[in-house]
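Below is a structure I'd like to ask you about.
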Amino acid sequence: MRPSGRKTDQMRKISFERAFSKHAEGSCLVKFGDTHVLCTASVEEKPPAWLRNTGKGWVTAEYGMLPRSTGERMRREAASGKQGGRTQEIQRLIGRSLRAVVNLEAMGERQITVDCDVIQADGGTRTAAITGGWIALHDCLKWMESRGMVKVEKVLKDHVAAISCGIFANQPVIDLDYLEDSSAETDANFVMTGSGGIVEIQGTAEGAPFSEEELLTLMGLAKNGIAELVALQKQAIG
Amino acid sequence: MRPSGRKTDQMRKISFERAFSKHAEGSCLVKFGDTHVLCTASVEEKPPAWLRNTGKGWVTAEYGMLPRSTGERMRREAASGKQGGRTQEIQRLIGRSLRAVVNLEAMGERQITVDCDVIQADGGTRTAAITGGWIALHDCLKWMESRGMVKVEKVLKDHVAAISCGIFANQPVIDLDYLEDSSAETDANFVMTGSGGIVEIQGTAEGAPFSEEELLTLMGLAKNGIAELVALQKQAIG
Amino acid sequence: MRPSGRKTDQMRKISFERAFSKHAEGSCLVKFGDTHVLCTASVEEKPPAWLRNTGKGWVTAEYGMLPRSTGERMRREAASGKQGGRTQEIQRLIGRSLRAVVNLEAMGERQITVDCDVIQADGGTRTAAITGGWIALHDCLKWMESRGMVKVEKVLKDHVAAISCGIFANQPVIDLDYLEDSSAETDANFVMTGSGGIVEIQGTAEGAPFSEEELLTLMGLAKNGIAELVALQKQAIG
Amino acid sequence: MRPSGRKTDQMRKISFERAFSKHAEGSCLVKFGDTHVLCTASVEEKPPAWLRNTGKGWVTAEYGMLPRSTGERMRREAASGKQGGRTQEIQRLIGRSLRAVVNLEAMGERQITVDCDVIQADGGTRTAAITGGWIALHDCLKWMESRGMVKVEKVLKDHVAAISCGIFANQPVIDLDYLEDSSAETDANFVMTGSGGIVEIQGTAEGAPFSEEELLTLMGLAKNGIAELVALQKQAIG
Amino acid sequence: MRPSGRKTDQMRKISFERAFSKHAEGSCLVKFGDTHVLCTASVEEKPPAWLRNTGKGWVTAEYGMLPRSTGERMRREAASGKQGGRTQEIQRLIGRSLRAVVNLEAMGERQITVDCDVIQADGGTRTAAITGGWIALHDCLKWMESRGMVKVEKVLKDHVAAISCGIFANQPVIDLDYLEDSSAETDANFVMTGSGGIVEIQGTAEGAPFSEEELLTLMGLAKNGIAELVALQKQAIG
Amino acid sequence: MRPSGRKTDQMRKISFERAFSKHAEGSCLVKFGDTHVLCTASVEEKPPAWLRNTGKGWVTAEYGMLPRSTGERMRREAASGKQGGRTQEIQRLIGRSLRAVVNLEAMGERQITVDCDVIQADGGTRTAAITGGWIALHDCLKWMESRGMVKVEKVLKDHVAAISCGIFANQPVIDLDYLEDSSAETDANFVMTGSGGIVEIQGTAEGAPFSEEELLTLMGLAKNGIAELVALQKQAIG
């Protein structure tokens, strides 16, 4: 029995609120149940220094949590003077995941920064950030297309979305919330494209090691969940 | 003529959305037009080190802006490794303003941190933060009261709210939005209590110095505006 | 009764020692009683990056306290690795105050940095810094004039000086020393020009909120005090 | 054809030089071909603050690269003032991997820090660090056992080792060196125990997404390689 | 010929202004010609953590330069966020030099911090800091003696003073000013006690290496100079 | 009696392992007994900013200790976020010492960075670093010569090597190991060239001040030791 009463293969209620921000070229407030992440995409007319004169652009991501997005207040990273290891790990993952579906040559020498700020956390913030970040990125590219800067279809090769699966109370389950996440034996995050390719997989045994069979079961759950997320993305931008 | 079409003594549409955050003891999403600030109040059962064994508590504030809360993306302070001078100035102001209406002895040896995070900025973020921060603080104290920790009426002596006034296009106006703020000749922030006492006044000549008469005119505008804000606070918590 | 025996409208003994530093283009050791601040003005032949090719110059300020300028030794900010919020707030105020009387276009693309270092502190360091900083700035511009770089009268539009006033033991008093400052109910800093315009006003209720009438009383004291400071500045540079 | 002439399922020459360091309680210079990592395990008689009075111990890891361990000199992290995202990601991975085979209760309230410093890098530094780090940890526990502090067999539940696999030139290959790593389409790191359980799996598509079949092929290679690494570990400590 | 017209064995005009600071337990403005250093000694009733419960005290030093103490404005170390290598090297030297004449056991568990802040620099700031720092330390101990905390004669074993010597224009000279220092071939700093013992010697070839004979010549100059400095210290505290 | 059984004028076993690193242009693992330092020299085709367009090059050094190179684990400087005072002092000394034998004009506008990383420490790490750093620098210049970039004999004017001497148990001894170093009364480091010139001398009284005679005795020991080190350098590169 899951604490939320969900079935093992049932994700939380997913929603995307596009154009949440008045200023950003693309933005989306994504909700996976009580996990709420604001994703904004900002375009700059110059790429990072190491890409100058290559004709290529770049997509990068930053991640942050509001201090009281969590059950106990966390110290503000700006106050402690640095981004922690977890923050850096997650923002690198988001950036890699989004770049996996972008044709950087077709972007031209520009940089798009996707900021993913967790307004409220209840497990799965990184998967929500990737999934909602794709919407923000898409809308930013649309904004650019409307100004003749790019062709969206040339830059954005596919959808990308992410979900966590894990073994909770001896059951493989999808889209773990915080309660499940903090006592799961195994936790794996899957990032996949709209056409079903794997972009990233990160599985960690929190307690006992897991087997190949368990990994395959989790992957099966993830494939279905991500297909559903991609369908919701399509509906959102449709 | 104000760019927004407002009258000189007309504030933007003000709203408070209480309990915006599932985790915080008190929280409020405050909107002054397109300026949106999420205020959360978090209580900790120990005061800062320098208050130990004094029987007194403390209220402090932190302030941050999401990187794309502004027209152009700002660098994330956590990434640059420190909070800028403006951030520190504002969070010190918010903390002082809230403490002005709190009886620290009646709080007991605890600390309440009010985090004010700007989701979207359009001028007046510090005044919105103070005004909404009061709601979050109030709700946090209510939460504490329901657990027998404090009596709200003993801790919270009064309301506090804030508004900016300035001279724009030679006219004294209230509640400047970003367009007005960036070209105002004079800009003053007023923080006042429910009973009309002045807690803080900060007036700055952006261009030519201003006169005592101009200051008094701005103060007149502010008094009316703050009275209205306090009425809205009362309605919100009523 | 004031601890120092001064009358309520009596400032401390004020003095300016020009050319205190052998190296700086302009310098002044300013004393407001036991508060001693060394102000040096340094000119650089390039403006900050964001002013390049605008034809405009810039005046900025930095503020610091020697570790034992105070009654108890303070931690050295260079050792703690950052400037605190109070330091940043004060140096921003000094910079704004000086720029209020400078014609930045007439400076040409240069930057003048006014360093205000507190050698000994006894209350009112920021007001001494602004008042003495103006002398250092003036002398720096004179040095530049003697090399044909600027015309002082075109760059420096007016005098600027500052004083604190507050309510101490229920009496409005001017130029608070440390003893008064640490127990004043209300504390306000005024920055005004030679012609009496207000550049900046910052009033804070340390205990109970204050009224508009109190503010006007303090402003009356400040106007007289600043007029006297400007007269002393004129005498010093005469 | 692999640049090194190795077969697709052939790891580089692996060696462990135990007791490399005169000071550390356990140490090992591990070589995976030209990748050389010095692993030292240091025991402290107090656990991290958050474990005090729980009876549990902790194993943590730190990772660093000498500035010229790489083809081009990298900036020293101590000089740049912080550990980069990649460093933090790797040291968190090493720590999790080692903890997966440690009974923290049986350690008592102590902390063991495993430092993994890359003397020379040629791809696969994190997998070498985990594999050699296990030897250093084992030897540290032996040192503790000889002083009556712990029983090794109660603390160390199993072996743990790691290897990278990837798709290079359309071929699944094991133990990528730098040349292969920098042009591989897909790169996956596997961390497994002596009994074949999966502790961690991290797969990333560098270019095109990969399929489940490809992942399974890589996992097959990894299982054989890790079995061989565990055999070498046994031989080394035998 | 020395640029200042001094003889090769002639130091600059030396002066000590005791009790320069109203707050510090001991203080001294020391001048070696145009090099002016403010030294303050501050006592704290607790030693550094690593000396707790040993019965011993500690003397430490910090060093700083005002931004415009030099010919060109230097960046403020508090603003750049760290103390440079030269600063740290000098403050470690001052601390070691002063501790060489202090009986740490006789101090009791206290710490004295000697802050040496360069108000104006013209070469030889570290030697002036040590020489003037001794006066500040002495006066701090006198202050403590007057409160029954220590016996000065038990704590302060001897005088300590310092001077630089160097080879300038092929001539061995004493007490180099900035002009000489920046073109000297060899530069050596000597720290000696009142009884003529060597506490520290640091000789550096700026251009060609120097010989043992040259070193001995410089040491002869230094011995005479330091004897003179000690006589001046005695006169100052007499 | 020395703890190691060495005679007073006997250095530890010295060895140089050239080309220790596969990547660096020059490298050397130098051992002074149990003190092991890896020195790598890296060349860059651009000098520091302040040497641009001067035709001159630069040689700089960085120094670090692996966390468990010492008897007790030290905190990693990359983790604490800055290089300590001792690290900076040593790397500045190494840089100055190497530059003393380099003709910077003959290098052309390039920079060579010599990284000295202590793998294992047992006293005398800085002297080993200078002595081994010279080998790495020499080999780097040879590498450059083989590519027609420089003539070694024009750039490298002489050998440079370093040794510590001190007074241990009332006896002047050479090449102190950690046990001796931590209880020596006096400790001096000498840096000399192949032709016997002094480049740097740093003598410190750890306990009682020392006399000129003692200094000369230590220098006598050092001269012989450095002559021997230079002979070993010649043999190593021969």
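The chains carry the letters A, B, C, D, E and F, assigned in the order they are written, with residues numbered from 1 in each.
Assume a residue touches a chain if its C-beta (ideal position, glycine included) is under 8 Å from a C-beta of that chain, and two chains touch if they have at least 3 such contacts.
Keep in mind that what you see is a predicted model, and the values were worked out from it rather than measured.
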| item | value |
| --- | --- |
| Touch-network distance, subunit B to subunit E, counted in steps | 2 |
| Joint neighbours of subunit D and subunit B, given as chain labels | A |
| Turning angle required so that subunit A lies on subunit F, C-alpha fit (0 to 180°, nearest 5) | 120 |
| Centre-to-centre distance between subunit F and subunit B (centres being mean Cα positions), rounded to whole Å | 59 |
| Length of the line joining the C-alpha centres of subunit D and subunit E, rounded to whole Å | 50 |
| Sequence positions of subunit E contacting 2 or more other chains | 81-82 |
| Order of the ring members, counted from subunit C so that subunit E is second | C, E, F, D, A, B |
| Subunit E-touching residues of subunit F, taken from the complex the two chains share | 82, 84-86, 88-89, 91-92, 96, 100, 188, 192-193, 195-205, 208-212, 215-216, 219 |
| Subunit D - residues contacting subunit F, complex | 21-24, 27, 34, 38, 40, 42, 44, 62, 64, 66-71, 73, 76-79, 81-83, 87, 113, 115, 117, 119-122 |
